[in-house]
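Chain IDs A, B, C and D follow the sequence of writing; residue 1 opens each chain.
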Amino acid sequence: MSIMPNVLSAPERAAPVDAFAPQSRWLLLRRILSQPKGVVGLTLVTLYLLLAIFGPMLAPQDAFRQNFAQTLRPPSAAHWFGTDQLGRDVFSRVLVGARATLGIGVGGVAVAFLVGVPLGVLAAWRRGWIEAAVMRAIDVMLSFPDIVFALAVVAILGANMQNVIIAVGIVAIPVFARTARAVTLSILAEPYIEGSIALGANPVRVILRHVLPNISGTLLTLSTLLFASTLLSASGLGFLGLGTQPPFPEWGTMLGESRSYIRSHPYLATFPGLFLAVSALAFNLLGDALRTIYDPTSRRVARRPPILSLLRRRPPPGEAQQQSAEKATDLAVSVRGLRIAYRTGEGLLEVVRGVDLAIRPGRTLAVVGESGSGKSTLLRAVGTLVNPQEVAITAGAIRIGGEQALGLGPAALRDLRRRKVGIVFQDAASALNPVLTIGNQLAEAVTAGSRLDSETVRQRCIALLRDVNIADPERRLDMYPHQFSGGMKQRIVIAIALAQNPEVLLADEPTSALDVTIQQQILVLLTEIQKKRGMAILLVTHDLNLVARFADDVAVMYAGRLVESGDVASVLERPLHPYTQALRASAPGGSEGRGRHLRTIAGEPPLIGRLPSGCSFRPRCQRSANRAECASSEPGLRAVAGRDVACVFAEEATR
Amino acid sequence: MRNLRRSCYVAALSVGVSIMALQVQAQPAGTLRIAVGADPATFDPAFNDLPVGNAVDLAVMEGLFRLDPQNNVQKNLATDYAFSPDGKVFTVKIRTGRKFSNGDPLNAEAVAASFNRMLDEKTGSIYRGLYASLGTIKAVGEDTVEFHLAEPNGHILMLLSNTAASIVNVKALQAMGAEYGRKPVGSGPYMVEKFIGGEGFRLVPNPSYSGDYPATLKAIDFTVVPEDGSRMALLETGSVDVVERVPPESMPAINALKDAKVINPPSMFSINMEMVLRGPLADPRVRKALNLAIDREGITKGILGGLGTPSVGMVGPGTQDELRKTFPPIAFDPEGAKKLLAEAGYKPGQLTLSFTCPTGRYIKDSQVCQALAGSFEDIGIKATPIVVDRGTWTKVVGMEPAQRTDNMGIVGRATAGMDYTLYRLFFTGVGANRTGYTNPRVDALLKEGRAATDPAKQKEIYGEIQNIVWSDQPFLFLWYQTQALGVANRVQGLAIQPNETLVFDKVTLK
Amino acid sequence: MFVLKRLGSALPTLFAVSLLVFLFVDLIPGDPAQILAGPTASNEEIESIRKFLGLNEPLLTRYGQFLRGIWDPSAATSFRTHRPVVVELSERLPNTLIVSIGGLALGLVVGTIAGIVCAMRPGGLADAAITVLTLAGISMPIYWLGLLCIWLFAVNLGWLPAAGASTPAHFVLPILVIATRPAAMFSRLVATSLLETMGKDYLDTARAKGLSETRVVLFHALRNSLIAAVSVAGVQFGGMLGGSVVTETVFGIPGVGRLLVDAVSRADYPVIQYAILMFAFFFVVINLVTDLLTQWLDPRTRDQERAI
Amino acid sequence: MNAPFPLPPRVPGTDTDDIVIVANVSRHFGGRRRFLSGVAAPVVRAVDRVSFRVQRGTCFAIVGESGSGKSSLARLVVGLLRPTEGEVTIDGVPLSTLDSAGLRAMRRKVQLVLQDPRASLDPRMTVFDTLCEALTVHGLHRERTERLDRIKTVIGLVGLNLAHLGRYPHELSGGQRQRVAIARAIICEPEVLVLDEPVSALDVSVQAQIINLLADLQAKLALTYVIITHDLALVEHMADAVGVMYLGRFVEQGDVGEVCGAPRHPYTQSLMAIAGHSAPISRDRPAPVLEGSIPSPLAIPPGCSFHTRCPLARRLAIGATTVVETADGRVPRPCAENPPPSLPAPGGRSTATCHFADERLPDFDHRSNIRN
């Protein structure tokens, strides 16, 4: 096995932070504690749990002892929270009541969980009539106002703690069942479920080993959130006279009982009310923190450091002035010394580390690289579309059509984008707003920054659709994106990009989501349009085939830097950088011949922020072979045989 | 009988004088605004079961008799009455020429129709049982009504002066159906101008009224606010002039107001713990012990905030006071109670009792329940209070004694007279006797008392009955509730009957 | 057409609710006749009232009667007032609708704005403040909040009437109180789904067109993120109606919720049954409205429905 | 779950060297009445009368665009889907004779490797757990030491080491994850691996590693591969036989050398032209472009399902006498109306399902007029 040694010698990769990641309990804890609301929530919840366990022991006085001579006393040294209408010590009652209160919350959630989750999972697993029946039953339950439902349950079963738990639990069942069904459905759609079934696992195993652990995060979150609302439901029952049994203290009932004293003896309601509201708050906070962890959509980006926001406002230092001396105005795009970094919890992580690019009008430059090489970030930066809250441009200059593109104010930035830049994304489906008609989205592009009457706009939109070879454009204007096939959507995205006759079209893997036959159509279309309009195209791709067919120039990117660039013919036919060579050679088919081993690049692309010293390709490079020169410093681009190469030993390949 | 009649005359005379003075004084003026806690669903006297409804019925309808604020029976529509010698026919003469507010004549026929409608099974009146002894009612001529009684009843005046016996316009009722309950057509000084379910209603003077209690107010506005705190807020913000049912804890705040005060009229509402006389409670020593265990003063002051007075008899003040007997208050004597328990053979912790309480029915009922449990614990009884919602409570305290699983239940009663109350509660085997109390002597006396029409005889009979029951202690006698109303200082002349009915006869506004 | 079809498919749900409600109510302890007759009534009197109310009929007959009341109002009358239940409900309904729809609408507007603010500056001061406020909003028992509001705004400040329903001003406090929950919930929902939407390519497409950030957020992002929020809001409306029970009691508003609470305490079966059935009906209607709204917001669902 | 599942006996008389036999298999989706509304969902013919055989130890490739039904076909072979009609026979055992437990046991012989290794591994299970599960499910190597030995062996086979066993999928790189997925598939010593786009989600540089690994494993373990892909270059590199799928049917199938070397169906021809592995490559020689996109499987065109996009049909229509005017242009009548015949190639090692399989592909103009 020739590949084995290479793999084993590959550098150890660090674990990237992943929202879906399984983790030890400690990791989960760490991540809860990394959020302020998690810290507060968890601390409070822990305190409450301790209170529930030790509360009765801590109570300084008998919580049931009545003293008619001492009723409704305000807080004092003897009675910290005062006394209630029976002269009992409120502080002791609050402490003793913690157990019952939290017990109701835990019990109610447990009831809902134990009934709702199996129902939801069953519905999702079996589908068909079972699902229909379960969903109908849930509809029926939901159509009862929950407090009324609980009221009826308690009224029928009788008012005691156990029945209150059952009632508030039943009320919460629909939420659990619905959520469990929804998350189970999404988990069941995951390939690993199919993988497990394909392995021969039986349904019970699939549910227990794969489905339940993976929905547990969501359900945990939901449980904490519902815990709070369960407490409040129970308290509402107490308010309506159907809470737990006196004299046993429970915060909701205490609050309900003391509500008539809210004016005359405010402290009486205040303490149980505060404890109740704060416990609801605590569980809500914890639930929110958990949700942030488990729900990828609620992940929030790191806060923008104020200093960097200042940086963004003015042109990056140094090089900007220098570059203006060059005849950059002739270029459609000119990028000099660009460095881009992600803002992360651990600081800035550089993804683009000093890139120079130039595209002349009417030419296509392809940037080639593996995932993580920084090529997409580069493209977005050129399109002025990086989100300053996530990404910082730390150095360098970008000029588009001769205009400085960095450090512009919002209006100037909009103006630049409108006039000079068109952008086409990889996934046409997500590049179009699903809720607006094509006509709407096109018209927006056409009218941006100008006032046109609607007929002109319409004609212009129709013309644009014709330009991208869409038949029957008049009718299509009123259609929505989802009514088009993938290829058609990409054409529309291109039409939008062309609306203002941009000087440069940025295309980020414009075809990799499409079928081969459609890919071809789109690229041919782009080439034709380019010929007609003479615009520059920056094409980002990983497919050397496409580069060979459709680009004029190519820049090969590795770990945030260009390693080889030049015109397509010379670079691809006689690559000099070992990485480019390996890329060329590793594609199956063609010259390699059938059944023979492919030449491979050992290991995997390096991770951002974990680059080896010296040449970043060194660990995977066959040419390097532990030469000291490779390890000492990172080689810069230099002209060799009609192109630029960043390899100390580039000449070896020319021999 | 003669005495009673005379006293009625005197009362009527004095009322007549004051009314003449008023008539001279003023036209109806001002709007009285009242916030009440309970939502009167209907004013139809056959179905109304709320004090608010009583107040409205008293204002918009007339009965043959009525109670004055001191709970004495006064003639209203009636001008004279008499029993037949065998006591089976009761004849009432009524005033002539009176009209309902819609113009229909109020004659003997209308009166007979009104009673017969209530007693008709098809009406479904909740008072049919109470009035069942009236038998059938016939109109004789324009001004005479004959009650052909089902059994001799010496308490008929008490029954007829209740607002449930108000004269309704049956013709209008048949035309209006259930809507009659909202805008009843009566012959009283006021009539209902508008009624918004759950929100409130407004009374305005009845222009065709020609009786002795003419309207003094231009309008009476009622607002329904069930939540205590919110209702009190209305008085505090000056949005209303009168609030009903002031909770004890709000009394200081209202008394602190510049222009309103709390008034505390007595109530006939008597709160007792009614025992099921089986098992341990069949032993009178245990019952006595329980009665001794309770600190009535402490509870009425500490929990009820003064809105109660310890019971001194089995019925509350205002329940036919001429027949009512009171006793020295029961002492608070836990040691004596323990002794009695020991005598009965119970060591501390040996006796286990449970009792049922409603919540939100009586003043601080659930707290009282906890306090009682505490009191029982103090004399070494394991006591479990069962606090339940109103529906469950009704069911439990309405069960046959044999079916009860608990030992006692809190019940409050404000009732229609001595005979009715004592007969129902203590006659052996009567449907409403839920304690299972039985005493042959009491049974005999109750029968005798019902038929007796002579007040002196009645007083003697009922005195003996009350003596026996008080010493048997089938109840844990607790307290009589005290009413609490917040009344703005500008309101003058507002009277409240012990049955919590507001009387607007003489109300004026400053 | 779609509306009709949806309503048609809701009929089984409503039917199930009616059956359940009927059985449920029948199981509630407390004999209506006994409650009406009072504690001093004898068994015979109670029995006669039972007979009058038709409570001695077999279950099925009573269910039939209950269903008949839907098209024949006189068939179902309140035990207490003897008026048709439908009339009782229809008198109270406007108040309930004003309070719950007003509260919901206010909550949605406030929540949406707060959500946008949060999403625009995640982790910022406004975000933190709104998060704490919304969490506090959903952590507070609604009756407590209501009483505190009365105390503050009506008694101490004297700005608004404390209780009742006679003037529009009376509805301000209840609507404010009832709006807290949807506002809190909606601000979180909108913020979450807006943040999710913010990462979508089509916003970059819009930016590349040269649109202003405001337009990008309001026109492109918000509409997409509202889709998810709206459908959740629909489900929550049931809870809102439930909340009206408590709010109406606190603020003395004669609404269906309070009618229901009164009816429960008095075992007024027909009123309980119809009130709950009506809540269920509203739930169905609101869900329908939600669906229509979602469809209007999201053209993709329109075609799905058409295909089916 | 602990008892080793007995494999069902072979049906006598089917003892051939063809380990996978797919005979006239169809799979339709939908068509069922919906609950309550009673409306029948539209029928999707995902796979329509497909037949092929795979010889033990060889590699069969299924090629097609998205929506062609190739993934459904893969799942039919593994038994995850039951065919609407036709029969899949694995190692002499017709899958239709097995109940669901039997099918599960049969999966020991046929394993599936999915496209995206990141998604196909349970994120909450370590590599070790994932591998163990496979053994547990089939009740193999129940002794702890035996099990460890087996896992060690397999992990070595796929080029990972023991250090990887304790890791979770997100702690692995894409290539390593795919190695784990392959390890899970081979740990129970299956005979057939169905590979659904095994490298398309990986980086270019890693793709080659995995392709090499697959080739090594095939040689070492005498595996039979059924590989699903859209990449003709990969097919040429790995497969012995190929089936080209279009709208649920094979339009051309047979020996790889023949199908790829001299494609006869116009669809295959277009695909081969696009694959463009022929070096030197340059933009001066643009590849031919196929018009339009694949029609919806809900509305498969009548006649030859490819006729809406077929350049050959367009070309032939110019001179033909029997021409039909369709929405997509003029095509010869047979193309639009009659199902095409399956014509074997002169050598007999492939068939093409086309009316005009032996017509030469014209040099059609790549300028397209898009209608779809």
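Here, a residue touches a chain if its C-beta (ideal position, glycine included) is under 8 Å from a C-beta of that chain, and two chains touch if they have at least 3 such contacts.
Note that this is a predicted model, so its numbers are computed, not measured.
Novice: Give the chains in contact with both chain B and chain C, ordered by label.
Specialist: A
Novice: Which chain, with its centre taken as the mean C-alpha position, is closest to the global C-alpha centre?
Specialist: C
Novice: Count the C-beta pairs in contact for A-B and for A-D, then report the pair with the higher count.
Specialist: A-D
Novice: Roughly how far is chain A from chain B, going centre to centre by Cα mean, in whole Å?
Specialist: Once rounded, the distance between the two centres reads 70 Å.
Novice: Taking each chain's centre as its mean C-alpha position, how far apart are chain B and chain D in Å?
Specialist: Taking the average C-alpha coordinate of chain B and of chain D, the gap between them is 89 Å.
Novice: What is the distance, in whole Å, between the centres of chain A and chain D, each centre taken as the mean of its C-alpha atoms?
Specialist: Each chain's C-alpha centroid was found; their separation is 32 Å.
Novice: Between chain C and chain D, what distance separates the C-alpha centroids? Give it in angstrom.
Specialist: The mean C-alpha positions of chain C and chain D differ by 53 Å.
Novice: If a residue has to touch 2 or more other chains to count, which residues of chain A qualify?
Specialist: In chain A, residues 155, 158, 259, 262-263 touch at least two other chains, as defined above.
Novice: Touching two or more other chains, which residues of chain B qualify?
Specialist: 229, 360, 389-392
Novice: For chain C, what residues touch not just one other chain but two or more?
Specialist: 12, 28-29, 147, 151, 155, 264
Novice: Which residues of chain A touch chain B in the complex?
Specialist: By the definition above, chain A touches chain B via 64-66, 68-69, 71-72, 85-87, 154-155, 158-159, 241-242, 245-247, 257, 259-265.
Novice: Can you check the complex and tell me which residues of chain D touch chain A?
Specialist: 1, 35-36, 65-66, 78, 80, 101, 104-108, 111-112, 114-116, 119-125, 133-134, 137-138, 156, 159-161, 168, 170-176, 181, 184, 188, 203-209, 211-213, 215-216, 230-234, 236-238, 256, 270-271, 274-283, 286-287, 289-291, 293-294, 366, 368-372
Novice: Under the stated contact criterion, what part of chain C meets chain A in this complex?
Specialist: 12-14, 16-17, 20-21, 24-25, 27-29, 122-124, 128, 131, 135-136, 138-144, 147-148, 151, 155, 188, 192-193, 195-196, 200-202, 204-213, 220, 223-224, 227, 235, 238-239, 241-246, 257, 260-261, 264, 276, 279-281, 283-284, 297-300, 303
Novice: Quick check: in the complex, which residue numbers of chain B touch chain C?
Specialist: 35, 39, 41-42, 44, 47, 49, 121-124, 126, 128-129, 177-179, 181-182, 196-200, 223-227, 229-231, 233-234, 236-237, 239, 360, 389-392, 394-395, 397-398, 411, 413, 415, 420-421, 424-425, 430-432
Novice: Please give the residue numbers of chain A that touch chain C in the complex, ascending.
Specialist: 36-37, 136-137, 139-140, 142-149, 151-152, 155-156, 158, 228-229, 232, 235-236, 239-240, 252, 255-256, 259, 262-263, 269, 273, 276-278, 280-281, 284-285, 288, 295, 297-298, 300-303, 380, 383, 385, 410, 414-415, 417-419, 421-423, 425, 427, 430-437, 441, 444-445, 448-449, 480, 482-483, 493, 496-497, 499-500
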